[in-house]
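Below is one structure; the comments refer to it alone.
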Amino acid sequence: MIWNLHGTHARAGDLAQLVGLRHKNFIFPLVEGGEYHTHRGIVRHDDLIGLPWGTQVFSHTGAAYFLLQPSLADLLLSLKRNTQILYPKDIGFILTTMGIGPGMTVLEAGTGSGSMTIALAYAVGAEGKIISYEVRPEMQNLASKNLSRLGLLERATLHLGDIGQGIAETDVDAFFLDVPNPYDYIPQVRGALKPGGFFCGLVPTVNQVAELLHALRRNKFAFIEVCEVLLRYYKPEPLRLRPTDRMVAHTGFLTFARRIEPGEDPRGAALMAEQNVDKTEGE
Amino acid sequence: MIWNLHGTHARAGDLAQLVGLRHKNFIFPLVEGGEYHTHRGIVRHDDLIGLPWGTQVFSHTGAAYFLLQPSLADLLLSLKRNTQILYPKDIGFILTTMGIGPGMTVLEAGTGSGSMTIALAYAVGAEGKIISYEVRPEMQNLASKNLSRLGLLERATLHLGDIGQGIAETDVDAFFLDVPNPYDYIPQVRGALKPGGFFCGLVPTVNQVAELLHALRRNKFAFIEVCEVLLRYYKPEPLRLRPTDRMVAHTGFLTFARRIEPGEDPRGAALMAEQNVDKTEGE
Amino acid sequence: MIWNLHGTHARAGDLAQLVGLRHKNFIFPLVEGGEYHTHRGIVRHDDLIGLPWGTQVFSHTGAAYFLLQPSLADLLLSLKRNTQILYPKDIGFILTTMGIGPGMTVLEAGTGSGSMTIALAYAVGAEGKIISYEVRPEMQNLASKNLSRLGLLERATLHLGDIGQGIAETDVDAFFLDVPNPYDYIPQVRGALKPGGFFCGLVPTVNQVAELLHALRRNKFAFIEVCEVLLRYYKPEPLRLRPTDRMVAHTGFLTFARRIEPGEDPRGAALMAEQNVDKTEGE
Amino acid sequence: MIWNLHGTHARAGDLAQLVGLRHKNFIFPLVEGGEYHTHRGIVRHDDLIGLPWGTQVFSHTGAAYFLLQPSLADLLLSLKRNTQILYPKDIGFILTTMGIGPGMTVLEAGTGSGSMTIALAYAVGAEGKIISYEVRPEMQNLASKNLSRLGLLERATLHLGDIGQGIAETDVDAFFLDVPNPYDYIPQVRGALKPGGFFCGLVPTVNQVAELLHALRRNKFAFIEVCEVLLRYYKPEPLRLRPTDRMVAHTGFLTFARRIEPGEDPRGAALMAEQNVDKTEGE
């Protein structure tokens, strides 16, 4: 079954999360008769099944936990992974900016550990479709397991292969490109994306951004925006409220663009040139 | 019909966006036989219907435009409104952190111009449900029109009333609270939210955050996080790449929490106290 | 006489600042018998001379002002200028990082409107010395006037010329380089700087930073650091405390380095390579 | 003798810094006949004296180091301390905003480990004067040692005592207040500061900022500004240029104000109220 955030009480088959001291947390599916062994004692699944979510429970040694539905962010952070995962701050902004919602078809490359694949598959719902390319068999295998665990594998088509060799799909609604050399694949991206479709590329360095901008312009993309999302946490102490001492300062640069069908008319060329400059100034 | 981002070609009934010089843009539904009057000439709808999205078009005076499907962000920014709207940077992070996806039931107060209502209704899909409270009839009316325009009204139940008087709904999956005095309604929020459910409150000042933190703790919420999302744009010039000169520095503080069912056991009280401190340090 | 921030009462010869409604402010020297014409009436200098600084005064039409010693930041922002000036946030960090203080000798290129020249000349005091190169005669002239107005011209030697043609000075303590192509002058910078001396370059784009890094490494600079200073203001309302809505998001990137005298020994080469990587991670 | 950044070659009596692998660094005074024992071998002072600064040197076991004049930032970070020190990013902005330069008289409370005292004493030069109050004898003792080591003690008058009991000095040019409860001392600050003088307070939490704002307004301070300085480092790799992964997100909030002498005239009261609102918006 598909992981979801519905339901008020823990049932067999649900993914459950136990959170203990020092934010130690465990995520596992509830199975009748099962046991979960924490560092601080055993919790029997049958004691959890039927409880309201959010309930305080105890291991056999008396260690306290809260029983929760794991959030999407918790799940993504708990993935088995060999690579950098995407951060919720970036995922949220990518989904909203590209308007990813129920029923959409989205192409992704590369799959990696499948964290973005999961977020996309969750957002497009049962009527949507994710197609994801990956060149490394072991990564594809890992992503497949991660998707299965959440019941999202049926919404995803995982291709093993290099998008430089061509992409079978056409007219997808949106394309998310997370590879080290995105600038090498923009003609293929254009071919797979529908007219007017949404593009997002994620890269860590400014050098990659600059190359990607060149490639997007050469391949008739416009409405280009480059940005970073920064997340600043506060210590939630009402009498001593202040930002945390340290923060994640950088995960990657997001580059958004739209596939455009310009004609030969020079008036349109001027318009297109203008669309790629300064739109975001002062926003 | 429901606004969507599917489809490769403009059809009658679709919401279309024309983008011209200086990023001037217009959003309107395509109607057979219709005309759109821009500042720089008339565009006939029949000339647009049937074109691939992204196509360059011209007004009768020769002004160039691109024909696009409006993005969610474009639609939110184009809403008729009397109040501050939410920014996509905040919306995306709220949706991802609370795991808002297809099929969920979400309660909101207040409705305002309906920008968050729209984002929520879009994300939960046809199987989901948004309930939104608002005390000002004129705002509710405006939100209703804004939702209708996108075909999303049927997913939303708009209540006219003060949540301080009580909330009819119970066991909703998530609660988004966007009122000036959120700390006054936390008992009602708790009553409406399912066990373990997700809470998010948005306020502009640190004074409000501090009061909200007090109210959440008194009402048995835990896993409290306070944060801000900052978005930094770059001028997309590959040879002169640099951040824009100015940026939006503040929209609001986001406070997230989970409804928790602690028992009387003192071991659990210690756990709960700990959950509200420092979880985010260094993340 | 030299502008200073000593003294408790306004005297003839002092630079004075009048600040009125909407932060309108005027900076001028006090002259016996003088008059200052504001948009909202005349203020007679003789009515100001002898007053304690900070006193509330009125024009002949009754408009209220405060009489202040202009701060360094106020003076820099009030300079007659043809170019971008440096912001106090950057100036302060540059001075502290390079340890600019009384008695130092600092070389600057280019002079521009003289805002950094003024900040440097103020910081090094009467025993210090600033040498500043500029290729545009009209800019040098403007900088000269700006320095004169504050009585700081005698601490500065203004050269008209291109540092690419050579720099007469040697063994200066610190070098501040604010030109569009700093990477073209690093051999000359090295020649002018004393062994172990401090370098700082200011450029607006990441492309320039990358080229500057190459040039510094080729010319035996180490301890390289690249950073940005961001300043976030809050609305100073104690009951509604929050960040301002907008902020300056970018002025420039600062690149700091030290002139190093490496030998031929390969152990030293390894050390030097390491000094240029990652020193700042997590700081 | 006074630590300085003049001189091209290491001399006996100079403070020297050796920087080795992994940025391990040592700061010590050069003494004829002395030896410095690093983890990786011994360096003889006589081998360093007479060398140009920046020279690569080796310990008796062959470990490579660079010999440098320690920067102000290096010295501040190397102080023996029992308390939080100020960061160069904050120090630089405080000095520039208050216009601290040669010849000024500055009052500080509390002294702490003396890091700000050192920065102030360095900036005001031999003609300037720092007066610093501290209630804890052991901290005053530590600050005294730290100032002595740099030859700056003669520019500082260290008082042991509580400024709540009164401040002997009057008419100081600027006042830096770094105590947990600055709002309790604003009448005393006003008494010590000259008319129109500069105030800066540093506190870590927003609650303290709010209380400080109340106290400043009650005590006739105006031109109030609240801000934070954020420093973002980049990895200095020209082919893979990007921000560091993590950063210091918060040290403290800076609150600046000027002592004002308002009269009884209601026009001036309006002006004063206005000076404390919104000046910084959009700057």
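For clarity, chains are labelled A, B, C and D in written order, and residue numbers in each chain start from 1.
Assume a contact is a pair of C-beta atoms (placed from the backbone, for glycine too) under 8 Å apart; a residue touches a chain by one contact, two chains touch by 3 or more.
The shown structure was predicted, so the numbers you read here are calculated from the model rather than taken from an experiment.
Participant: Identify the chains adjacent to both subunit A and subunit B in the sense defined at the top.
Facilitator: C, D
Participant: Is it true that over half of the residue numbers where subunit C touches subunit D are used by both copies, so same, or is it different?
Facilitator: Same residues, largely: of all residue numbers at this interface, over half are found in both copies.
Participant: Quick one: subunit A and subunit C, Cα centre-to-centre, how many Å?
Facilitator: The answer is 44 Å.
Participant: Could you put a whole-Å number on the gap between the CA centroids of subunit C and subunit D?
Facilitator: Inter-chain centre distance comes to 19 Å.
Participant: For subunit B, what residues touch not just one other chain but two or more?
Facilitator: Residues 206-207, 210, 232-233, 239, 241, 244-248, 282 of subunit B touch two or more partner chains.
Participant: Within the complex, which stretch of subunit B touches subunit D?
Facilitator: By the definition above, subunit B touches subunit D via 206-207, 210, 246, 282.
Participant: Hey, which residues of subunit B end up touching subunit C in the complex?
Facilitator: 204-207, 232-233, 239-251
Participant: State the interface residues of subunit B toward subunit A in the complex, per the touch definition above.
Facilitator: 4-9, 19-23, 52-56, 58, 62-69, 71-73, 88-89, 91-99, 101-105, 119, 122-127, 171, 173-174, 194-198, 206, 209-211, 213-214, 217, 222-239, 241, 244-248, 253, 255, 258-263, 265, 267-268, 270-272, 274-283
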